[in-house]
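Just dropping this structure here.
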Amino acid sequence: MEKGIKIVTIGGGSSYTPELVEGFIKRYDSLPVRELWLVDIPEGEEKLNIVGNLAKRMVKKAGLPIEVHLTLDRREALKDADFVTTQFRVGLLAARAKDERIPLKYNVIGQETNGPGGLFKGLRTIPIILDIVKDLEELCPNAWLINFTNPAGMVTEAVLRHSNWKRIVGLCNVPISIQMGIAKLLEVEASRVHVDFAGLNHMVFGLNVYLDGKNITPDFLEKMTKHKSDTMKNIAAIDWEPDFIKALGAIPCGYHRYYYKQAEMLQNELEEAAEQGTRAEVVQQLEKELFELYKDEHLDIKPPQLEKRGGAYYSDAACSLIDSMYNDRRDIQPVNTINNGAIASIPDESAVEISSIITKEGPKPITIGDLPVAVRGLVQQIKSFERVAAEAAVTGNYHTALLAMTINPLLPSDKVAKQILDEMLEAHKEHLPQFFKEEVLS
Amino acid sequence: MEKGIKIVTIGGGSSYTPELVEGFIKRYDSLPVRELWLVDIPEGEEKLNIVGNLAKRMVKKAGLPIEVHLTLDRREALKDADFVTTQFRVGLLAARAKDERIPLKYNVIGQETNGPGGLFKGLRTIPIILDIVKDLEELCPNAWLINFTNPAGMVTEAVLRHSNWKRIVGLCNVPISIQMGIAKLLEVEASRVHVDFAGLNHMVFGLNVYLDGKNITPDFLEKMTKHKSDTMKNIAAIDWEPDFIKALGAIPCGYHRYYYKQAEMLQNELEEAAEQGTRAEVVQQLEKELFELYKDEHLDIKPPQLEKRGGAYYSDAACSLIDSMYNDRRDIQPVNTINNGAIASIPDESAVEISSIITKEGPKPITIGDLPVAVRGLVQQIKSFERVAAEAAVTGNYHTALLAMTINPLLPSDKVAKQILDEMLEAHKEHLPQFFKEEVLS
Amino acid sequence: MEKGIKIVTIGGGSSYTPELVEGFIKRYDSLPVRELWLVDIPEGEEKLNIVGNLAKRMVKKAGLPIEVHLTLDRREALKDADFVTTQFRVGLLAARAKDERIPLKYNVIGQETNGPGGLFKGLRTIPIILDIVKDLEELCPNAWLINFTNPAGMVTEAVLRHSNWKRIVGLCNVPISIQMGIAKLLEVEASRVHVDFAGLNHMVFGLNVYLDGKNITPDFLEKMTKHKSDTMKNIAAIDWEPDFIKALGAIPCGYHRYYYKQAEMLQNELEEAAEQGTRAEVVQQLEKELFELYKDEHLDIKPPQLEKRGGAYYSDAACSLIDSMYNDRRDIQPVNTINNGAIASIPDESAVEISSIITKEGPKPITIGDLPVAVRGLVQQIKSFERVAAEAAVTGNYHTALLAMTINPLLPSDKVAKQILDEMLEAHKEHLPQFFKEEVLS
Amino acid sequence: MEKGIKIVTIGGGSSYTPELVEGFIKRYDSLPVRELWLVDIPEGEEKLNIVGNLAKRMVKKAGLPIEVHLTLDRREALKDADFVTTQFRVGLLAARAKDERIPLKYNVIGQETNGPGGLFKGLRTIPIILDIVKDLEELCPNAWLINFTNPAGMVTEAVLRHSNWKRIVGLCNVPISIQMGIAKLLEVEASRVHVDFAGLNHMVFGLNVYLDGKNITPDFLEKMTKHKSDTMKNIAAIDWEPDFIKALGAIPCGYHRYYYKQAEMLQNELEEAAEQGTRAEVVQQLEKELFELYKDEHLDIKPPQLEKRGGAYYSDAACSLIDSMYNDRRDIQPVNTINNGAIASIPDESAVEISSIITKEGPKPITIGDLPVAVRGLVQQIKSFERVAAEAAVTGNYHTALLAMTINPLLPSDKVAKQILDEMLEAHKEHLPQFFKEEVLS
């Protein structure tokens, strides 16, 4: 790597790309990126060009020798890459809108990474990611795959269990957002706060909170229950029951509301969908506006409007991870990686989201023993769901998909599960060829 | 034990007692019961006398030298007992009616052993059973406690974790009912059918079905989906989705409907409660009629009307277990016992319901490796619930009880959990002294 | 199997075969063997004919319709077999003699199934058994392989880990000999004694002893220390330290002497080798005499002299296992099978020797939780040894073989391990082709 | 802790104390020690005064406001301590000499922390350390106990399992010595080398070696086999078999020689004991000389002669650990701490020696999954030994002690174990009161 680093971003035409570019620019001293390849599919060519040109202007303004390449040829881009990041969305926001709308018709939460929506995003995404890792094996076997594509937990699980590729780290901005939120609530600098994260992607808990190294968890939980909730952009900020949080003894993430406040979240979604549209529909409009901004040839920085899009700390989390890996920093970051015994009641070979030491040879989880008794069951249920869903994505087996759908805790019954499954399979047919091969269908 | 066996039945005034007496009579040759002590509390004295006198008539008719003792003095009865069976109900059917009615007000399933009802039955029962095992330690340390009192899983868990008493077996008629149902469907004698049972009480799966030793599971599941469901008396027989059962690859028990068909079961309960009353209310009427029958001094057999009460195979399961223990038969029976590694993803020290070798020194589970991936999560969630609930029952801690309630998969949110908890604590106040000690309350 | 059972015995020319034939004859009513195929290799043809003709005379005398086939064509024999038993010895007793003699030169125990001898018997045997299971997959996929070939633990481990064949049971007469010894010492019928066996082949412990179902372990251990040891024919009966046995709290098997009495056993071996020859050398003479007897055309029963050979209860253990499998008896027998969680500190996928329920679909271990703390380490060390040895046998890798040799607890150092390894590799060259392929050697 | 740190060193009269004092002086900027209490027993008063006065001169020379207190009153010293270090030796070097001499009479390795010597050092030490933690609970419940007293693994195990005190870290200079040796061999600065350490105290492996973050393990092992061994002062540097090291695939520690080179090490010990005396006898002379030096009132630095004593990097390891804890550095150091799932085949509650994140709230192990198959058995055997030994130390049970002795892999038989046990119990009678209480003796 002496000659600088080659980074490939699959789904490079995403509106998030400027975040990433800004991150590389800021960290150039310790992370000297020489080539940044933005890859997309033909349908995304226009957006790739718009955002790619913005990236070039940003680099130029920074005066750095980073080459930005735009291409539709994934294999050309991947050759000898050092880090490959994935941030693509199969079926674009139109598919997400279906993931959100269809379940709501059945009074079931429609959400990008949870419930039926999460299942279908997985079914569409996993075959593509498995194709990509086959390319990696061939073209850049020493690269690390940094996956941001949701559902990141299920995708990481699928790669770990259904491919030979082990050099994958799944990344999410939920843990860092929790940490920042804690610092804000405590009115201290974020660097003074540490959190033991453990669980699964979008089902991660802050088990302990430390201020200057001292465990302040009970005090913090007390404080937390006295403030209005402040969640991520895409999750309704319905307040927790204070007594429940104290009883839980750990900090849930925003997505836990879909499970511990299922009724209220569903109600909220139904109202929002009626009034302003689902999140995908809102984001579609936001994206349109962002790309209009990006087209401006005078724009050569990340525009502040991007923050509304929802990926807070995205750049920080991603670049900081790549920087620590490249420089073997051995600092602690929360990532999705193979469990390897760090959480007792999750299978060793499964993906978990956990505070880990970040080294040049990948993340090494810090053992936590086990999750609190009260939360183990739900976490294990979501892990079971992820595993069955990943198997359905790989095999295209209808029964396996129905099993995944039915055991998801957001579904009210096997009957409703089947109804939603059938309607969604039909709606996403174009992106689910594995389910429509004649011989597998029955 | 040379001189015959002493059996003590706590809650001896139960309408089920004639089942048990019939069982002992039928098995007298191999299981020579010398003393049967029926114990009850003052409030149950009248029923105890009615059913106890029937028991005496049954024994007399059989011409056997079994002494039947009726007493309100538990400690007198327990002295040197060989087997102690527990079948009491704290708060009687009136309490059960509350367990069923109150949750329904919040659109939550009201059921004796699941959801809020199961939690509160546990909260009322566990302190009493822990009192009983203290007596056992002192008065009959070599006895075995055979517990039928529901929620049998949570009760067994509580004794294993919160007492020093390890000689407990929890018993339930669900597995034997499944086995009988399979034999009926296959139109073969029950003795030709074997089932590998594993899971938790009221959350047990038939993992494999054997006919004459041959594993016929997939064929049986196919056949099962083609027949109308036939469940236990207290569970609505709503049909499973055939595709779901095939995907599951194992036989669920009737109580699984509360989880995999939550919406339909709730709907059904709401309708039944409005039309004919909850199950407790129906049973209260049934019991009244039964005790009228029992009073008849000419009755000296178990009356056939008892079958409507719902405890099919109860006598068979109980007496067969005691017989195998007494005679060290080393045959295979499904019981609730300490896991000890038999099911990988359940803690070793927890109670599980599993096919076990029955010996004079207690049951020894046959290892099953692990549950199918798809069902692990739900089973673990119920086990987490049972453990937190047992802790709440022992400590009387409000927050722990709220935690148990909220993590139960039948609850829609932390807010509703708190509402139901508060109303039920008040409603059952009389039987929950541990929650109303001044110093613990907050 | 309606038309009778087809059994194939590989290594059919063994002097033990009459044991097996006698067992089948005695059990004909419940285990109607129709065809018994005795298979051997060209070098064993003469012995095959001698013992095969005796088998035919025994069957004829019994008046049973069992066809006895003698063949050198393994694949012909295997077609549609129901049970395949393996009792072959690669390199015959001459190889065993080397396994015993060479280590003694280095002051290391020379023994057929332990230490360097056990390792080399495994290295010679495992490739052959893996060839056999390939034939089974093709020619009789529903058959069960009942393996008696030593080292039975390592062989079972190798099949479980290095082939796709799971229908294997490893069988040994050590546990049944222990049980018989206990009954003899207690002066009761063997059927009144039960023992919880757990551990590995030739490293199995009797964890608990029951008389009529009552756990009498401490009393029995006390009694055991007061009597002269009585071991199997091939193990020197050096008495245990009484205090050690009481401290151990479990019954060791005879082979444990090689570990817990290493010094005395080595001394004894050195003396015996000098005076009367090693066990193989003694047995070679015994075998010669036996085959002389077998040649007698008037002999039509198992000759009593066979008992000196050392396979006490061999017929009982083998035929009783096959009978229970064929008839789905679900009784308890100690066998070598996949652990599957039954012993906590042994890997789930490894072979263990353990009391199991015997069914038509194979053995199912009864969970024991874990071995006593004191013995776990040694058992785990032998399991590590077996696994590394199996890998060496499969790969023919010199370093792996050295690793296996060095970590064996009977070896005094890496240096001596290497010396013995080098000498034994050379001595057994003919039967270890996998180590002498040019490309693998270094 | 704002006002500076209070450190208590039990066994403060040790010749090692100047190492520790030097470490605190060097790190004063980040680790502002305000009080250093050196505690010893009456028999050690003279040495305490000599070394304590040297400590005072060293502090004075450094011009730092550290108060050095010398006392025989442990409880006075412990009040409100922040860190308590233990480096005492029950029975002094005279006892160690017996630990080394007696086993040699039976042709068994005599060593301070392995075999019979390790067992007896544990039997003498554990009751004292359990007394100390009772004082800690009362007098300084927020302190951390940093234990250097050998056998450090067994001592940490005993505290974790037989007391309520969890704030203990066991420390050893073996891992840091390995790391320094690697850097020296690679001719690079130590800071560029990382090693994944895992195992038990004095049974730790370097599983992977990294240079600048890159895993270079196989290359390093190759290189390592080409150089003369360089071990710690107290272990004979007998070279490993190169092929064994390559096959092992991990770096053993010096003490592994007692197991993998048992024959040669015993031979070497026998020769050295005859020629120059055992290590204790050599050290006794060294200590005498050191204390002569320490008496010199002009000496105000750590004398260079101390290095011969054998505690290389002792100061570094100890002060660096305390510094990281005090400052919550979250860097990686190898320590003895509770396993908590970090090494799969060691019980969760046991002490392991493992690379851990060092925080203000103690060490958190980095999960390693499991040890290589080949070494698991030996490590588990030593852990079994440690656990049985700790139990013997606490109970004073003769049988338990015999069990510990017999299962130790350095013992050749139960008979020899008993002989050595009996002789050593008698020899150390004065320091083993728990074995000589009348009622426990038998």
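Residue numbering begins at 1 within each chain, and the chains themselves are lettered A, B, C and D in the order written.
To be clear about the criterion, contacts are C-beta pairs under 8 Å (C-beta built on N, C-alpha and C of every residue); 3 or more make two chains touch, one makes a residue touch a chain.
Treat the numbers as computed from the prediction; the structure is a model and nothing was measured.
Common neighbours of chain A and chain D under the contact definition above are absent. Of all chains, the one whose CA centroid is most distant from that of chain B is D.
Chain centres here are Cα means. That of chain C falls 44 Å from that of chain D.
Centre-to-centre separation between chain A and chain C, using Cα means, comes to 54 Å. Residue positions of chain B touching 2 or more other chains: there are none. Those residues of chain B lying in contact with chain C across their complex are 194, 210, 212-215, 327-328, 330-332, 340-344, 348, 357, 359-361, 364-370.
Considering their complex, residues 240-241, 243-244, 246-248, 260-264, 345, 373-378, 380-385, 387-388, 398-400, 402-404, 406-407, 409, 412-418 of chain D touch chain C.
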